[in-house]
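Pasting a structure here, questions to come.
Naming follows writing order (A, B, C, D and E), and every chain is counted from residue 1.
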Amino acid sequence: MTVLTGKANAKTNNLSASTGSETENKKIVYNTKDLNLWYGEDHALKNINLPIHENEVTAIIGPSGCGKSTYIKTLNRMVEMIPIVRISGEILYRERNIFDKNFQVEDLRTRVGMVFQKPNPFPKSIYENVAYGPKIHGIRDKKILDEIVEKSLKGAAIWNEVKDRLNENAYGLSGGQQQRLCIARALAIEPDVILMDEPTSALDPISTLKVEELVQELKKDFSIIIVTHNMQQAARISDKTAFFLSGEVIEFAETDKIFSTPSDKRTEDYITGRFG
Amino acid sequence: MTVLTGKANAKTNNLSASTGSETENKKIVYNTKDLNLWYGEDHALKNINLPIHENEVTAIIGPSGCGKSTYIKTLNRMVEMIPIVRISGEILYRERNIFDKNFQVEDLRTRVGMVFQKPNPFPKSIYENVAYGPKIHGIRDKKILDEIVEKSLKGAAIWNEVKDRLNENAYGLSGGQQQRLCIARALAIEPDVILMDEPTSALDPISTLKVEELVQELKKDFSIIIVTHNMQQAARISDKTAFFLSGEVIEFAETDKIFSTPSDKRTEDYITGRFG
Amino acid sequence: GNGNANENTDGGNGEGAETEELEGSVVIDGSGTVYPFMARMAENYMGEQENVSVEVSRAGTSAGFSKFLAEDGTDFNNASRPIKDEEKAKAEELGIEVQELKVALDGLTFVINKENDWATDLTEQEIKDIFLASAGKKKWSDVRPDFPAEEIKTYGPNENHGTYEFFFENILEEQQLVDDINLQQDYSTLVDLVSKDKNAIAFFGYGYYASNTDKLSAVKVDFGNGPVAPSVDTIAEDGDYAPFTRPVFSYLNVNHAKEKPQVLDYAIYTMENANAVAEETGFAPLPEEEIKTTVDALNNLK
Amino acid sequence: MKHVNVEQVQKKMGSRLFANTFAKTLFLLATLFGLVVLVVLIYRVIQDGAAWINFDFLTNKLSTDPERAGIMGAILGTLWLMAVVAPVTMVLGVGTAIYLEEYAKKGRIQSIIQTNISNLAGVPSVVFGLLGLTVFARGMELGNVVLAGGLTMALLVLPVVVVSSQEAIRAVPQFLREASFGMGATKWQTVKNVVLPASLPGILTGTILALSRAIGETAPLVVLGIPALLIPLPDSIFDKFTILPVQIYYWTLDSALVAEYTNLAAATILILLIVLFVMNSVAILIRNKFQKRY
Amino acid sequence: MQKSTRQDQHSRPAVSDLIAQKKKNRTVGSTLEKLVPGILFGIAAVSIITTVGILLTLITETVLFFQEVNFFSFFTGTELKPLGQNAVFGVLPLLTGTLISTAIAMLVAIPIGLMTAIYLSEYASEKARRILKPILEILAGIPTIVYGFFAFTFVTPLLRSFIPGLEPTNILSPGLVMGIMIIPMVASLSEDAMSAVPNSMREGALALGSTKLEVTWKVVVPAAISGIIASFVLGISRAIGETMIVTIASGSSKNFTFDITQSMQTMTAYIVEVSGGEAAAGTTLYHSLYAVAMTLFVFTLVMNFIAQYISRRFREEY
């Protein structure tokens, strides 16, 4: 097993090196180094090494239980909410180790927004949902808040649908609208990176399409890491793709390459639907 | 839709007529005539016509939600425990309509045993589980009860495994043993018919095999109607097979015929795994 | 609720000699002043008659009378004042024959806080003024100029109690009490209140003072011949504290006594042991001949 | 244009984090407050009462003399009271629960009974005392005897038993009922032979908790009129009686009369707390032992 | 058919025959079966009868009371002198006593109970919760008479050592102790409400950089607010109905006052005092008991309805 891991890593490193040339003008936002994570005795992430670049959409794919959610939740340290979690290794965000004592997790999460699998708006008005982040960070000025709310809702491509009912409860929205609201909520604190864990899996096809378009739009301003079960989605919207399998990164490369000429047999098997 | 139903019925009738010649020495235990059943507005069984013969194993197959469980629970009127159920049509058991006012439902259920999908022994001793039926029907004599318990456990092919621990709690048994205990429990009141709703779906392969063998054994003395998801199982153990689809009987015939030369395209599609 | 009457309808038991084992219940209510006396008496009696259940409550004299003068009422009512005319009338109306048992003498005692070092002796008039609305004594300095200028806090038992009525009718002669007087149902509450309030003054039976001498001081009263401290000796009929002395009673329902031998037996026992128990519980004894007369009257009921 | 200024956010971060730590400490202290009170309360009671507990105190009859006073009467009274409350609430509580869960059609009547029970649970205990006084003691002319007190208490704790029995019955999996019906059992046979045995631990737990509530209640019995001095021991449900909390009440009231009564009250409190602790432990044991068997 | 063959093999008759035979003698059983629903309904009706009984008891005597005492003067009267010849019945002294003691109790129970709930639901580790919750349960199971004793013999003397004007019996001390008694109730009901808030909501807030306090205060508490408020209302109802603590520790003064250092009487304590063997049936005093009890009953009933309404009407659908 260790041998295998070693192999996978070696490959991953090569790949990132090779892709490096094409994206050399882009900075690395997140760099994961030798990351291991255990749930109690359960080794859920094994020796992850993954560099993620600015203003790109990075997709994470893999069969159920392979550790995709775990990994993405490690990036903003949400995974630590589960008491039994143990972590070793480093994750550098903008060159600072996020596990560093001096790195406040609230700070990290302010810079790194997250969108969840199931839309989870607060049981408040639409306006209050979006204004929540700015408010806790100390922005009180009503005019600025109004601006932020409008800008974020526009950014999440939902402004037109909700502008006349900003004071209604967010639970009155449809699932797809709720998810875009959650994206707007994440945008409101103007994050640097947005993490998305299967953001469309609870949505109908039309809403999914809207969110996909939105993601494409957003990458101009943000770096996006998106977990998806849907291979087509990964192919459609991402620049790079990482393939996870039982806690390991099997392959990481340009999306085109992964879907056309994967270097690993397991990646190919997965992509062609032979398992997962 | 009605046309289609009409067709299916016509076919069913033909079939039962044609099979009639082969089983003409066997009496009909259950005859279902124009049975319709609704859960509230939901039309779950549509115009069912199905004659079931003595000392045969009749399998009911079909995709999930097609009404198999509903039908089998209608045969002993357990379905009426759900308050929103409405029924029209007739089911003749030994030539008496089970929906008749004078037909006591407890009486019906005493003659018709049932085995459920999940083993459901009572949280009592093994002995008490088997003795339960005879006891509620007024048999108190310890010697007779002992005899019944032994005979039923032997009948369910579990006697050797439990004879030394009859007073232990039934929950100490494995899943497969529990299911055979439930069969023993049904045998204890010497029913005429035994209804089984996916009796092996919660069991491991070895236990499944045991139960299948047991069913083959039991048909000497009982008429058995068995719902199964497992096509191979139906093929292995049943004499006749009825194929249900969205609440209708699409085809009903000798098992051999169904699996070799089904007359309906949908049956074929289902059996060859094209849907379901 | 006095279901006990039914308990003994078979009643045949107690008709014989005094040595006979009695059974059944005796229900006593009424005066809180008399309660310690009667509770002790009941306890002693049950030591001798194990099968008789004597229960003692202390609703107060007046409240007790309303339970005594009722269908299926109590057997005894303790009282710290004599029965009133209207109560007698009620008894007659109900056909209840009542026998008065005078059991002991009590001295109305005025108690103050231990830390109160000024009002340790007062004249009879000063005491009345403290409690009279018309006198307008708000502060201790209003009573005597050399007393501290602090508000007087007056306390006493409420209108359920014979003690209140005795004070109001016999000592204050039915003039209005100060409005802010704090009237309580339970004597122990009064003891507690006075023991914790430096400016307090309260009145109740001597017995309650006697069992709390460590918590309270009693005011020595000057009836004209110098201050007199209440004590078992001075509250006696011819003692120096006599102006504030009153007899205390227990009233017997004679009908019950005739039906239930244990009730009559208990009445006789009470009278025979009255002086001994009185002494233990802070009352002054009665003359022997007075007791004898009552006992004879009771024996006639047999 | 950037609205969210990273530096400003960071500046605020310190005070936000401090507020969080401060609040966390405050919340912890609030939680510990209850613990502290409990410790002080028990310490005080032990200090006042422990020395007074001995064999004589437990076995003697009541007396006005603190040195001789014992709580045998109150202990027996408590037991007699339980002897009435336990069967009455069991029958009424479990019967009601069975009716609501197994027999009643979901509808008006069922929801009226259900609402009524939750309202009954909120009626102050003194009001039950008045009900007992008016109906049982006076109306039925029982007087202030064990039976009247027990019936009053039984009605008072009825909602507790109903609700916990309902939960226990609801927790019996449907498939057990189906198994029984499938054998041709009637509804009552199913309830009697399958549902009740399976829910018995839950029902017992609820009943014990209800009983412990009943023997800790004071107000209804004071309203019913328990005599201040009742020495004889009760030996049937038609006898007058007193129970531990009422004895505590009278001794506390009379503590100004005889100082040692405070100690007697404290000693009785200790006994009462021990009894309640044992009862609750038994309830918890039953609950844990028989939990989740399916 | 098979039945007869089976009979040949065994000395006894077939079970199905036995069953059929037993069935004939089972008329008793089937009669019982028919009676059971009726019997159970009768039992279930006892709770209804109890309510009706309470209402009838209270109403009949209350009506008698208002034939003797003016309805209006009862509810507006500030003077309550139920004893003696010139009895005056004004319920306001009791109402103020009840409301003031309830207010004091809730001032203790609401903040501490809510903070406890927050700690248990949001901050405490699983282990801490396992230790702390049973302690709260113990606190909830202590009989009120014990709290009364505690208030009277410990809290009052303690308070008197730094509140000079405090009377030996006063409304403050029992109010505080009543609050302590209600803490577990508020805490556990509020905690239930907060635990019902789905974790995804917390995650959403945390992911925006919220501190735990902000998650709690801005998201969890607002989401659970209806359950939390319902717990407060139930706490109030409990405080209004609480009897022994005030009976023991607040004395029986019937003064109309707002001074919490003074002795006051609550409605419940009045009922205990007057019914505790004093009042003979049929007197105005006796009837006043029921009028006060009726008032008390209406108060708590209204509170319970409000609590039910809040938790039903505003139940959050996440």
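Quick notes
Just so we're on the same page, contacts are C-beta pairs under 8 Å (C-beta built on N, C-alpha and C of every residue); 3 or more make two chains touch, one makes a residue touch a chain.
To keep track of the chains, here are their UniProt names: A, B = Phosphate ABC transporter ATP-binding protein; D = Phosphate transport system permease protein PstA; E = Phosphate transport system permease protein.
None of these values were measured; they are calculated from a predicted model.
Chains that touch both chain C and chain E: D. Following the contact convention of this document, D, E is the list of chains adjacent to both chain A and chain B.
Path length between chain A and chain C in the chain contact graph, taken as the least number of steps between touching chains: 2. Centroid distances from chain D, each centroid being the mean of CA atoms, peak for A. When C-beta pairs in contact are tallied for every pair of chains, the largest tally goes to D-E.
Note on chain placement: the centre of chain A and the centre of chain E lie 49 Å apart, centres being C-alpha means. One inter-chain figure worth recording: chain D and chain E are separated by 12 Å, centre to centre, where each centre is the mean of the chain's CA atoms. Between the CA-based centres of chain A and chain D the separation comes to 53 Å, rounded to the whole angstrom. With centres set at the average Cα position, the gap from chain C to chain D is 39 Å.
Residue positions of chain E touching 2 or more other chains: 209, 211, 214, 276-277, 281. Of all residues in chain B, those that touch two or more other chains are 110-111, 137, 189. Counting only residues that touch two or more partner chains, chain C has 57, 186, 189, 192, 195. Pairs of chains that satisfy the touch definition comprise A-D, A-E, B-D, B-E, C-D, C-E, D-E. The residues of chain C lying in touch with chain E in their complex are 29, 57, 59-60, 63, 66-67, 70, 158-160, 182, 184-186, 189, 192-193, 195-197. Within the complex formed with chain B, the chain E residues making contact are 2-3, 6, 10, 12, 14-16, 18-19, 22-23, 25-26, 29. Contact residues on chain B toward chain E in their complex (touch as defined above): 110-111, 134, 137-139, 144, 147-148, 188-192, 220-221.
Against chain A, the residues of chain E that register as touching in their complex are 125-126, 198, 200-201, 203-211, 214, 218-219, 222-223, 316-318. The residues of chain D lying in touch with chain A in their complex are 2-4, 6, 8-10, 12-13, 16-17.
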